[in-house]
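Two complexes are shown next, each including chain A; its partner changes from chain B in the first to chain C in the second.
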Partner chain A sequence: MSVSEGHRNLNITGVEKRFGSFKAVDNVSLTVERGEFLTLLGPSGSGKTTLLMMIAGFVQPDKGSIALGAEQITHLPPERRDFGMVFQGYALFPHLSVFDNVAFPLKVRKKPRAEIEERVRSALDLVQLTAQMDRLPRQLSGGQQQRVALARAMVFTPHLLLLDEPLSALDKKLRAELQEELKRLHRKVGLTFIYVTHDQDEALSMSDRIAIMRDGQLIQHGSPAELYENPSTAFVADFLGKSNFLRGRVETHAGDDIVFTSGRGRFRQRISGAKRPPVGSEIAIALRPEKISIVPPGTEMANTLTGTVTEWNYFGSEFRLVVSTQSFGSVAVAIPTWKSGVPPEIGQSLTLGWDAQAGMQVAES
Partner chain B sequence: MTALVETARLPFARRLRSHPATRYWLMTAPAVLLMLVFYVYPIGRVLWMSITIPEPGLDNYTLLATSASIQKMLWTTARISILTTLVTLVLAYIVSYALVHATPHVQRWMFLGVVIPLWISVLVRAFSWFILLRREGLINTALLTAGIIDTPLSLMWNEVGVMIGMVHFMLPFGILPIYANMRDIDRRCIAAARGLGARPFEAFWRIFFPLSLPGVVGASILVFIFSLGFFVTPALLGGGKTLMVAEYIKVQILEVVRWGVGTMLATMLLVVIGVLLAVVSRVVNLRKLFGAG
Partner chain C sequence: MSQTGFGNISVMTRSLAWVIICFLVLPITVVFAVSVTDKHYLSLPSEGVSFQYYTNLLTSREWLGSIGQSFIIACVSTLIAGAAGTLCAIGCWRLSNRASEAIRLLMLVPIMVPTIVYALGVYQFWIDLRLLDTYTGVIIAHAVTGVPYVVITVSTALAGFDQRLEQASLNLGANMEQTLRLVIIPNIMPGIASGLIFAFIHSWDELVIALFVAGRGVFTLPRRMWDGINEHLDPTMAAVAAVLILLTVGLLFIDIYIRSRKTA
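Right, the complex of A and B next:
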């Protein structure tokens, strides 16, 4: 094994992969900082798994390059990259005990027996599975198998850890537990994690940085808060959390705000500086359901809108309503239960209000 | 007349209704009867004859310890069966490995190649080998004209010929269990092994090969048991010089009319196969191996 001299950045430059006429990954460039927890997020078929497989070395890019620090690894076979990987479904070796599964990467690296013994024990210790050392994978629960896969992927101190939807096979509660555990592990070992998922909640809660993919392209990347608060496109706004899209035509500029119209309504949105669209142009504003509140009729506010409730659902901590409006059709609203006052009723008409800063201008597509 | 039949049938029918189990027994009765008459009875007779002909006692069985010709024949049978099984396994493993890794389109054609020989009579296949293996056959002629050999190789009327023919016959029985097992091996395990630092051969040797062993064990029992009792191919390609147990039994019964010796050897064959299956069933799940789920 090449001794990892600290962990280095992973530089992905313009990689592309076609399967026949299908472009699975299209000109993706991305730098993964050492020690960071990066999530590749996208719907199925967005190319996130193909990108991960190219990083791991199982798929060869048609174009572009992948480098670890200064070292080119684009065409290096997987076994010479020293990347740990946790597969979807774990891919534990069914005929080997937990100990031998975890020892495998060390055995193929011809480590002395005593060192193997010691490192496997400490890796199993890390995931709290020392007691199950002699069991076979099929004798373990799903969560335990997942932890064996993790221990196996980390025992040889890889340059980075690749995780392909590692929690997708688990039930919701166990998932939440393991998310916590993964985060804790990440902080503890300081290893670079590249994590693939289609679950936006998982991505938001775990990552230092999220890269959102769609149709093989990298749409936007940044910290979870950045992406949530400043999505660049309607797709990102809708994929990371839910959004309403308010579409209209810019009527005037008023101070820091623009005024746009849709149907019979006029609305204000804070957009200043270079991103400000010219008067007369079409714009799309993403508005999170939780940024809308129910206000008494006639309230003075930047934006108000009346409508009738067509649907409502109780979620314990919040009500989620769908309100039918003249200007924007159906608008989703989320109100904390303790704030709602009266339980809403289908057919009830009410007034919605939101601030000029509440929305975010997004590009269509 | 009809009334008479009806009344006669009634108590019987009522009895059937009151005992559902009897009904099931009756349904299987024809099959059970068939087995008893055409299978259990003749085998019982064979066992009986082996200890009664020419006179009651175990004289026939002492021949196993005393007769040099029988010992030589049994040794030949064991040697040829073991070698055939080994060669078949190696070839079957390679073919199965190629099969599971082939694209679906190529796989269809390969399967056809595996299965078609099963449809051709074993006699026809043995005679086809004549054409290839004879002294003036295709292989010898080709090698001679190419100048690779000076004198024709003796490829038949000996153990080599017998083994070529037998391996050819046994291949599908080796390939199918091994292929079935390999198909169920999770390919991600191999990818995982590579990702964890194993070179392609190491990933095969440490992961794929151990996982494919149950199929290999299954195939080896199947092929070995078939080989032990093989008759047509050794008789034809061995040319009477390579005597295996099945042909020896035939000669004893049909030519020298020593029913006692023939049936004793048949009994031995049955016992050996029974013991083999019993031993192997402790290691692998036979029902699963032969497709009973």
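Right, the complex of A and C next:
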């Protein structure tokens, strides 16, 4: 399979969808580049499916426009868009065999029989289902059904591929396998993927770019690393990976750092340039659990904090502790097992330390 | 103690159920007995069993003619009712708003209004349209009264149809006509088949409308049976009834088979 010639960027401009007075999608603008793997990530009810349905043409936006390259497609009916879609639950035709399911988009386009035969075979080859060609969908496992849906959505070389939580019904192991397979397919066929999920690990590991949605709005988008390292809001910092939130008041500026206080503690955080908050303002710093380490008492470090262990859990590769502190309440800490030495006990007091660059300033909400 | 209590109730329920079944089925079995009578009038066989009335049925031009007429009328009206009812049910399902609910209810009117009232209305209407005593007249009347059965069974089938299949079909590039033909209809086929069977049975043993709108030219089977009872108590009628019952039971078994295949 090759990428079709008409493969262009998808431009979404200010789209809005209301159900009654409720805005399911609120002024979303986004450009999806050709060949990109874009993930829409957000909690349940944040409008991901509604946005996808508008791209596919099943839902008409109340405002805004959708264009493929220079061509307006806002009001084009779904059957004329040439967008492949893998539905939540796959929506395979139960009365047709695997072969006929995959052949369906070619048959309705009245392709010659020999061409259909050849393209269906190569699509089934790609998803490794040639052996199951004559079975009915109900005779397949969940993972196989998902692959049929994928082959069916790609066999007519669509402009782009829309996937609505295609792996949500599968168990963890199969999900990991199919994530790999999807990525491999994406690299191989070079098709634009728009992928909906509310699994943050899936989003981080698979995407070129992630768009985070909340209450119908697009909160932030960027590469996984960008979002992970530079979340714009506390919501993003907490949704994409776990974060501790250190809230305090700015006391002074010291070189590239600011010094803020909370409770009896004073802490340093590197914030330079325009983002620097004025002295006296309230700030929130997101701090990833894995950026905190346990240090010997009295260590000289930008930030240290003492507390008592209230919870600890072993996860094979790491320990996750919850440490109760005077300045910030409960703080989650993740320590690689090989570094931790002896397992800390509940009630034990210890000292936590982190660099001035470790935290990230985020907006509240 | 409650155990035995429940036991008694269940025995009682069971006996009651059997009584009701006998009540429903036994009168029908009488027909089979009467149809093999050796007498010259409607009666139970006394001296021996005779199949003369079956022979009579199969050699009588009148009976065979009526069977042929009824068969043609039932087939054509079933096709019309099937097409109209299926399209109506699909249309209502696709719109699924208040208007479509109202239309679906309206479609049930022919089975809610007493047939005799309905037949009278059709009669009045057919006088003006010059359709009395024509195939067309009977076929249209039967098709219209057969539509509700199709609408009911097809609507039920559609209620279990996953709307995403339709979306998938459109997404894959099929237009509405292709979606209907290749996806929707194959998936609701058991419902359509049931509807067709019920519409066929409905036309096949419909008497009241036939009494009103058919006369000499069109003489359906139920009509001839009616006349047979009124005029000469000919036991051939019992033979016909027996054949009719077997046919209906056969159709119902086909219906059950189709449904069970769907759930399998």
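Here, the second predicted complex is superposed on the first by the 360 of 365 C-alpha atoms of A that agree within 3 Å, B and C clash if a C-alpha of one lies under 4 Å from a C-alpha of the other, contacts with A are read in each partner's own complex, and residues count from 1 in each chain.
In this text, contacts are C-beta pairs under 8 Å (C-beta built on N, C-alpha and C of every residue); 3 or more make two chains touch, one makes a residue touch a chain.
Bear in mind the structure is a predicted one, so any value in this text is a computation, not a measurement.
Steric overlap between chain B and chain C is present once the structures are superposed on chain A. Judged by the touch definition given at the top, the superposed model places A:V322 against neither chain B nor chain C.
In the superposed model, A:A363 lies in contact with neither chain B nor chain C.
Shared-chain residue A:M133: touches no atom of chain B or chain C. Of the two partner chains placed around the shared chain by superposition, neither chain B nor chain C is touched by A:M301. Look at A:A67: by the touch rule set out above, it reaches neither chain B nor chain C. Once the two complexes are overlaid on the shared chain, A:A176 sits clear of chain B and of chain C alike.
Counting contacts by the rule stated earlier, residues 56, 58, 77-79, 82-85, 87, 89, 91-95, 104-105, 107-109, 152-153, 156 of chain A appear in both its interface with chain B and its interface with chain C. In the complex of the two chains, the chain A residues touching chain B come out as 1, 56-58, 77-79, 82-85, 87-89, 91-95, 104-105, 107-109, 152-153, 156.
Chain contact summary for the complex, chain B toward chain A: residues 186, 188-189, 191-199, 202-203, 206-207, 210-211. Residues of chain A that touch chain C in their complex: 56, 58, 77-85, 87, 89, 91-95, 104-105, 107-109, 152-153, 156. Against chain A, in their complex, chain C makes its touches with residues 162, 164-165, 167-175, 178, 182-183, 186-187.
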